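First chain written, first letter: the chains are A, B and C, and each begins at residue 1.
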Amino acid sequence: MTQAVPLSAEAPPAATPPELGKTPRRPGWRRLLVLGPLVALVVAALLPYLQLPLPGILDGPFNTYGNLQLFATCLVFGGLAASYDLLFGRTGLLSFGHALYFAAGMYGTDVLVTRAHLPLWQAAVFTLVGATILAALLGAIALRTTGIAFAMVTLAFAQVGAILVARDFGGLTGGEEGLPIDGERLPDFLLGVGNTVNLYWLALAYVALVVFVIARVAGSPTGRVLAGLRDDERRVGVLGLDPYRYKLVAFTLAGGLASLGGVVYVLILGGANPHVTSSELTLSLLVMVVLGGPGTRWGPVLGGILYMYLDHRLTSLAADLPGPLGQPLFVLGAIFILAVYFFPGGLASLRGRVALVSAALGRRRKDETVS
Amino acid sequence: MSDPILSVTDLSVRIAGLHILQGVSFTVAPTGVTALLGRNGVGKTTTLRALVGLTPRGGEVSGSARFGDRDALHTPTHRLVRAGLGYVPEDRCVFAGLTVAENLRLAERPGAAPAYDRVYALFPELDKRSRQRAGTLSGGQQQMLAIGRVLLADNTLLLVDEPTKGLAPKVVTEVAEALAAVAEEVPVLLVEQNLAVVRRLARDAVVLAAGRVAWTGAADKLLGEPELTKALLGVGSQGVHA
Amino acid sequence: MSTFVLLTLTGLGLAALYFLVASGLSLVFGLADVLNFAHGLFLSVGAYATWWAAGHVPGAGPTGFGFVLAAACGVVAGALVAAVVELVLIRPLYSRTIEQVLVTVGLSLAGVALLQATWGADPRPFPRPEWTRNVTGILGAQIPNASLLLILAAAAVLALLLLFLRFTRVGLVIRAGVENREMVTALGIDVRKAFTLVFAIGGAAAALAGALGGVYFGSVSPGQGGSLLIFAFIVVVIGGMGSVVGSAYAAVAVGLLQQFVNYYGTAGLGDICVVALLAIVLLVRPQGIAGRAVTA
């Protein structure tokens, strides 16, 4: 009845990360992937020279004033969503207050230019520094809690921002009306309908910068700690690293990047609007990131661009659509719920799925030729 | 010997990428106490929790576990328990904010008369303290409550996880005596670090090491050979002869 | 003195509104771990259903017993919507907390948009029974009756909830489940059945808040639930998730603080003080006044 099994003292083997087992198969294709973002950037930068009308997708050719402004907005939100993903997708922090730093960027710049009569570049630098410090301070408090409590505290802090803006303390923010930026203080190349293309390029530069910074962070040792925090905070603690510090770094950086987006957006919009302080904006950021694919390089950017595009497009089509379909948020909310159920990886997971399908098809085709 | 009440075959559990259990197989006899032993962290509690369907979120369980005519790994926890699988968890897990009476009332199972007589005969203390909040009980009393609420119903197998952990020596003896009385009626799969208690209660023993079964056999034989005990459990210290 | 009484009672009226929203939110979070962003939608559903019933359901109307019937329709609608949301959208994602939050976020966006598509974005005048437009003199202060109605309703809901939790078997399961859900299933109880019920109860209380809030504000609009929701969240966190009594204390603290500071300080300052209170409570006592730890 007694059966002796040899004793093994080794610890159970940890799972091998799948990436390690994979060897690059086609070096040429890999090189193209590295160049891909650059090519995309150049193409996006050249788009305003495109006269081609895109019926159904856009009203008129790409380089009309309206379309350029729309795409500049889309790009800013693509960058903003990517900065939010640094928290949600890469560090596993569910913040409901990210809109605060975006709004701080907008209102900071606007107030310093319009009320304090500073030149734009000074206003932008002060705002950026101030908003980043704000993110560091509020993050230092909020990160003392975790999980749902953290979500609530960030939501509440953002609510303070919304109240400050809406109540118009000291007559600085213009309250519900918003605050149009003083054009006299802005450089000429950002003014006027004819210069919208410069705003588009500015937005493109912003999104490129955000993607670059986040990719650098994600590839660094800090990025690996952040990924570890997302997957299992306890294991990072066991390694003797202080999770709080790393989370604070991510929170501060994300806040700074968001405020830079606010600086760009206030120029595109020609002023600040209290709508950007609402908790609804943070909720939409969550939708953008989840639709695009959390924790991926391009997913959040694409999610942000697509979301803003659909929001705008559905609004302009609203009159032609029956019932609730005329409400952009109804359509986006419904798509979002479906995405949570059926595409947990977001748009970014589609590439993998398409690859699987095409691989399966390719195999079948090969089988057919053989037989 | 008749058929086992529980047969575990090739049970594997992965939690957060770690293989906690790697193909564990053993059986539990339909009478008496089977002790599940091993050093800290070999997966004893993981085994019990997997059997009762309480593997933490994100954990993957494979293999099979026949409990009577059921597949324990694919039956929801509450159904398993209603089918007679009683579970006394590690650290008692009584509801601290509820009174003793409420803790017991919660454990009444629909369609069966609760056996308060049996519970109060075994643990008269629970009757006396029925209006007290469970959180204010001593560790030993909480353990009695944790066992008592499972005994309200008729079980076909009890899973008991470290019932004497953190208890004073005198209370350890009380709890062990109570478990001995319980084991007269119903088979028990017992996880226990205190080898004196194991010696007092267990007939069979299963020893885990590094996520696998390292030894199975009679508990007497395991504890009777100090060399074997030491090799498998790393201790002779926890008072085999205490 | 009369100002003090007025501010206290109107503050309590506000607290009553917060409590009606927060109690359900707190139970749902405490038992099922679902941070329910769609809870504001239940409130809006209750408000619109009451408004609709007052015009369409036979016997219901804007005043007297007719209004009671209309509000009852609103409460039933809120409970039904909440139960359906739990069964259809939340239950398939059982124990996947983040996905559940995401679904309720999507639902709150889509649901409010649906209300907007159906009844328009602008506030609609709400049926207000004659009595609620008047004031009652208490200790020299003229108190709006709508505030008194809210306080009475919230007190009644608090009493009913406590009786239910204390004396029924489901209440026992809920209290135990808030403490340790896993252990409840390990006693042979299908705790998920209680989830649906808790959602329905929370939906009903929120819908009542919607109906009475409509009376209090005099109008109903699709976004009304959302703006109350943030303060309800704050109440839940301060009070401790899963604790009805904690929610009641926290609601009173938040309502009074807001009312007094907004009156004696600048308008809006009270709201900011509430957030400061939240920050202080969380830093000093992360589990809230009366709940289990929310940091888990």
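By our rule, a residue touches a chain if its C-beta (ideal position, glycine included) is under 8 Å from a C-beta of that chain, and two chains touch if they have at least 3 such contacts.
All values reported here derive from a predicted model rather than from experimental measurement.
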Next on the checklist: Moving step by step between touching chains, how few steps can get you from subunit B to subunit C?
Outcome noted: 1
Next on the checklist: Taking each chain's centre as the mean of its C-alpha atoms, which one ends up farthest from the centre of subunit A?
Outcome noted: B
Item to check | Between subunit C and subunit B, distance of the C-alpha-averaged centres to the nearest whole Å | outcome: 43
Checklist outcome for this item: subunit A to subunit B, mean C-alpha position gap in Å, rounds to 49
Next on the checklist: Centroid from C-alpha atoms only, then distance subunit A to subunit C, rounded to Å. What do you get?
Outcome noted: 32
Item to check | subunit C residues within the subunit A interface of the complex | outcome: 29, 35, 37, 89, 92-93, 98-99, 101-103, 105-114, 116-118, 226, 230, 233-234, 236-237, 241, 266-268, 271-272, 275, 278-279, 282-283, 286, 294-296
Next on the checklist: Help me check something: in the complex, which residues belonging to subunit B touch subunit C?
Outcome noted: 52-54, 57, 76-78, 81-82, 87, 89, 93, 95-98, 102, 105-107, 109, 149-150, 153
Checklist entry - What does subunit C use to touch subunit B in their complex? => result 95-96, 169, 172-173, 175-176, 179-180, 182-191
Checklist entry - In their shared complex, at which residues does subunit A touch subunit C? => result 94, 141, 144-149, 151-153, 155-157, 159-160, 163-164, 166-167, 169, 279-280, 283-284, 286-287, 290, 323-324, 326-330, 332-334, 336-337, 340-341, 344
